[in-house]
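Here's a structure for you.
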Amino acid sequence: MKSVKKLEIVTVSVELPRILERFEKRGVEGYTIIREVTGKGKRGLQDGDELTDVFKNSYLMIACPEEQVNEIIEIVRPIIKKYGGICLVSDAQWILH
Amino acid sequence: MKSVKKLEIVTVSVELPRILERFEKRGVEGYTIIREVTGKGKRGLQDGDELTDVFKNSYLMIACPEEQVNEIIEIVRPIIKKYGGICLVSDAQWILH
Amino acid sequence: MKSVKKLEIVTVSVELPRILERFEKRGVEGYTIIREVTGKGKRGLQDGDELTDVFKNSYLMIACPEEQVNEIIEIVRPIIKKYGGICLVSDAQWILH
Amino acid sequence: MDINIIASNILNPQILFYFLGVAAVVLKSDLDIPQPLPKFFSLYLLLSIGFKGGVELSKSPLNDSILFTLLAAILMAVVVPIYSFLILRTKFDVSNSAAIAATYGSISAVTFITASVFLQRLGMEFSGYLVAAMALMESPSIIIGLILYRLFTSGKSMEEFSWSELIREAFFNGSVFLILGSLIIGSLTGASGEESLKPFIDEIFKGMLAFFLLDMGIVSAKRIKDLKNAGGFLIAFAILVPLLNAALGIGLSALLNLSEGDAFMFTVLCASASYIAVPAAMRLSIPDANPSLYVPMSLALTFPFNIIVGLPLYQSVINLLWS
Amino acid sequence: MDINIIASNILNPQILFYFLGVAAVVLKSDLDIPQPLPKFFSLYLLLSIGFKGGVELSKSPLNDSILFTLLAAILMAVVVPIYSFLILRTKFDVSNSAAIAATYGSISAVTFITASVFLQRLGMEFSGYLVAAMALMESPSIIIGLILYRLFTSGKSMEEFSWSELIREAFFNGSVFLILGSLIIGSLTGASGEESLKPFIDEIFKGMLAFFLLDMGIVSAKRIKDLKNAGGFLIAFAILVPLLNAALGIGLSALLNLSEGDAFMFTVLCASASYIAVPAAMRLSIPDANPSLYVPMSLALTFPFNIIVGLPLYQSVINLLWS
Amino acid sequence: MDINIIASNILNPQILFYFLGVAAVVLKSDLDIPQPLPKFFSLYLLLSIGFKGGVELSKSPLNDSILFTLLAAILMAVVVPIYSFLILRTKFDVSNSAAIAATYGSISAVTFITASVFLQRLGMEFSGYLVAAMALMESPSIIIGLILYRLFTSGKSMEEFSWSELIREAFFNGSVFLILGSLIIGSLTGASGEESLKPFIDEIFKGMLAFFLLDMGIVSAKRIKDLKNAGGFLIAFAILVPLLNAALGIGLSALLNLSEGDAFMFTVLCASASYIAVPAAMRLSIPDANPSLYVPMSLALTFPFNIIVGLPLYQSVINLLWS
């Protein structure tokens, strides 16, 4: 059992490759993605009904040591700023196997 | 960074429009939906295999200030009571951009 | 309102039936599943692009009383060990209806 | 009836693909047809049968005999749930009785479609307005079921319930809407529309049906184990009530002087039970009824009984009586 | 123009399925065609129209007249967004003006495909290279829109933006890529390829189009309420600019001496507006423009206007002028 | 062999769509065919090829020569993984050697299907029982691979492993089950079934294959970069072992006195490697083998090699020897 931080990020699916590329460079080693979530926020409804994938959001969950949180935030912040989204941080215990 | 509450709700997909309508009225400004989750609870298995969408559940995540939690709960409680589901509340930090 | 533990598990979809069978036996009464999540971990990228479902992961969320946590962990741990995955535990409040 | 007709029906590729789906579940194969592919097949089948029915309608003008048949169809959709409810109430509570009754008052479009292929193999035809009859029979039992539920449940506060919602759900649910809409489009465009869509809605039709029945086999076999909850009474109900309804259907067809093909299709409508539209409506309007009773009864018993035994049985009885 | 032609166009089953989709939303039916089925239909349509265009191309060699038409197509794709931008700037900010202008400078493949079925009903033909023209017209307006945006927005730091990304998005986005690719494959394989794929890409084509237009009806009707945000000016723009573009298209067709069928298809290209490729590119490259303006304008106004009123209108004008 | 045959094979629309998919990845187009559409195409292809094979079977009675061919097929499926394992063990650990060996001992249904279209273009035919041979060749190598793994891994506790699971996975996995099931249905329904399903399983077949190969192009191109991990030895293995297997296949075909078309299809089976069923089974039963070796080898090298170079190569060799 290890104390970690859990980040939950919702943002545009099309920017995901770029985010993941930067994760790669910065040594973010694990993440889970749920594609095509819908929702609503400051930029209005994203109901996934569009004919193009560009309007779709993805949900990204990352469990990481506390020290890495800031680095990850700096990667996603400009994208959330430009295209919208949300980033939550909370505490969790990682069960080691 | 802002302390918020995170609500996680699982309930029947068909009642979602009604829930969201009430969110609109009460000023709930943001939420994320994952459609077609499966699962099990008091009402047995919901394995998404049905030929109709009526048996499908959705997962709803809402980050909101503590003051709004009760209002949201009162919106979803009767629906969970009637059709089943679950509502969890936990703490999180919202990373502002 | 009841204090519960929230488990979040990501592991291979094909082992899910076996996990759920054991949940059944041990009296784990509720869970929610999100199928076909993608992600990355120690075993590399799982991008869901494979032609077979065997490479796909699922996300499993369980709200349970603290006493049950260990039992559940013992069920999923060998599977995560063999096929990969992650198991997080955190605190939450269950809103009773 | 001749056992050979059942045997020859079973050798339909469509029916065999249904069995293949069942076998996949029994033998624990991981064969699976993921959503929304089954939805695609069912939308396709509804659109096609609706459109073809409409085209046929456009060829033969409405007349009294057609009108009477449509009325008879609605009558059956109203009467069947009422007497089903009375039978069920001898053993079950109000909510389950109402939900099951509604299920058996309605129809199964896929059974109807499979029957149309069965008929075609025999070289027989049926009239387009029976598709209209099918669409008209889908919804009334939802309303009847709910009225029964309300009447027999004291203390249910009426206000929390939205009738307008229910009526919309009953008459504008996706499948009714698509059949009716395609029927209207077919009747408006007639022969020219038929020519333009024929390869899509006609030629690949039987293949799409085979594919869909493969899925139906998988889905219904998965539901079979739920029948344990149902018990002997409901299992008997799921076979005998369709037979009774078929008998009524044959009687009405004779009264209405329907052609042999039309009598067969009308009978199939009467004998079939809903496993999509009505269960969906019941889940919403009678949430305390148990879906693991009414869904598997109709899906895992009545549906396969009808397409395997029912079709040849009804056909040979009608053939005997009509000739 | 004859109102009868509109009426007869409306009786196309494809157009009627579009209306059925609209009706489903208006009557609050839960009829819905879940993803990725609409994606399947649209991939299918792009692949088929591209391939058929390619096969036609392989039959008639490239010549000057074809080259001039292709140049005219590109010219329209460059000029339309520029003057649209100037019109829009009288009322809107730079980002929204640029995004809407780009939308109207590009084309709609589904409008083109619907037009091809319309033409076929009239017993007329068009040349394969118009499919190439369609592919060529999709992308330029994306670049033009972005150049306009950059020129008129002071203080935008150029460095944060990746032109290579944009050009890739403009020229290699899925739909352009699939049309062009299928066009090339069609022209390489010619008649033998045509024979091998004909039942798939030709015979079931109109049915697949009907299915897709059913979905388009649903999707566009859901967007109609967004038009409230748009206001009278944009609503007028969404009808009048396509008409103006159609007029220009007819003029150019006359200059280029196109056949009646080719003139019609070229005009339809000019009159149509993008609701997939360009909105996608704008969302990424001009994120501060409001998608709930440019998407519903093109999808819920210009698209239905073109397929319902536009097709018969343009055809009768051309027929008048050409004869 | 004649380079012209390769060139003419490449001009098959199906092969060209494969290249189009590859090009989409290379040029970073966002063209993509989302699940479950590829699943739909592959289910369709398996069902169709199985059914057609069954119908052919029903026309020609089983005889000794057929039986010997089926035995030869099983023999290849057992022998190939064994010698592949021995070759691989010179460079790799037991688990990876066993997994790759199993992959090459099995077959690729899509390669077989593409070969059937190739043969048809040449105006040649093959016998239905080769579809049965294909189904029989899918699974044995899974068992062999696992036995090898167990034999050569000391200290593996046998109890934690479920053989019944494995055998079910090997023989009842979705694709084997669907091919075998459709084969049986086809042979039971024979000519009458064929007539009823022909437009669905036959006429649109080549189009569905083209669509699926477009997806295969995308998926396999994405896997190409994984080949870096594989290194020269495995890359050579992925080309040379199929060639060796093809040679064995041709030899056996001669011994068995097969017709030219049958020899070709049998050879293609021997030369092909699995990228769906076996990798799935290996992932579960040998989890410590590295999927980013055995998947891209078979999917991104052997598969395209076979459909592009292999088909014309094998055919011309057989043509040379047989005439």
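A, B, C, D, E and F are the chain letters, set down in written order, and residue numbers restart from 1 in every chain.
One rule holds in what follows: contacts are C-beta pairs under 8 Å (C-beta built on N, C-alpha and C of every residue); 3 or more make two chains touch, one makes a residue touch a chain.
Keep in mind that what you see is a predicted model, and the values were worked out from it rather than measured.
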item	value
Number of steps on the shortest touching-chain route linking chain A and chain D	2
Partner chains that chain B and chain E have in common	A, D
Chain whose Cα centroid lies at the greatest distance from that of chain E	C
Per Cα centroids, the chain farthest from chain A	D
Where chain A and chain E are represented by their mean Cα positions, the distance between them in whole Å	35
Where chain A and chain F are represented by their mean Cα positions, the distance between them in whole Å	39
Computed distance of Cα centres, chain B from chain A, in Å	20
Of all residues in chain A, the ones touching two or more other chains	34, 53, 90-91
Sites on chain D at which at least two other chains make contact	30, 35-36, 40, 199, 203-204
Complex interface listing, chain A residues touching chain C	1, 4, 6, 20, 29-35, 61, 63, 90-95, 97
Contact footprint of chain D on chain E as seen in their complex	11-13, 16-17, 20, 23-24, 27-37, 40, 117, 121, 199, 203-208, 210-211, 214
Chain D partner contacts - residues on chain F that touch it in the complex	35-36, 39-40, 43-44, 47, 51, 168-169, 172-174, 177-178, 181-182, 185-186, 188-189, 192-193, 196-197, 199-201, 203-204
Chain A partner contacts - residues on chain E that touch it in the complex	35, 38, 42, 219, 222, 275-277, 279-281, 283-284, 287, 291-292, 295, 299
Contact footprint of chain B on chain A as seen in their complex	8, 10, 34, 37-42, 57, 59, 73, 77, 80-81, 86-91
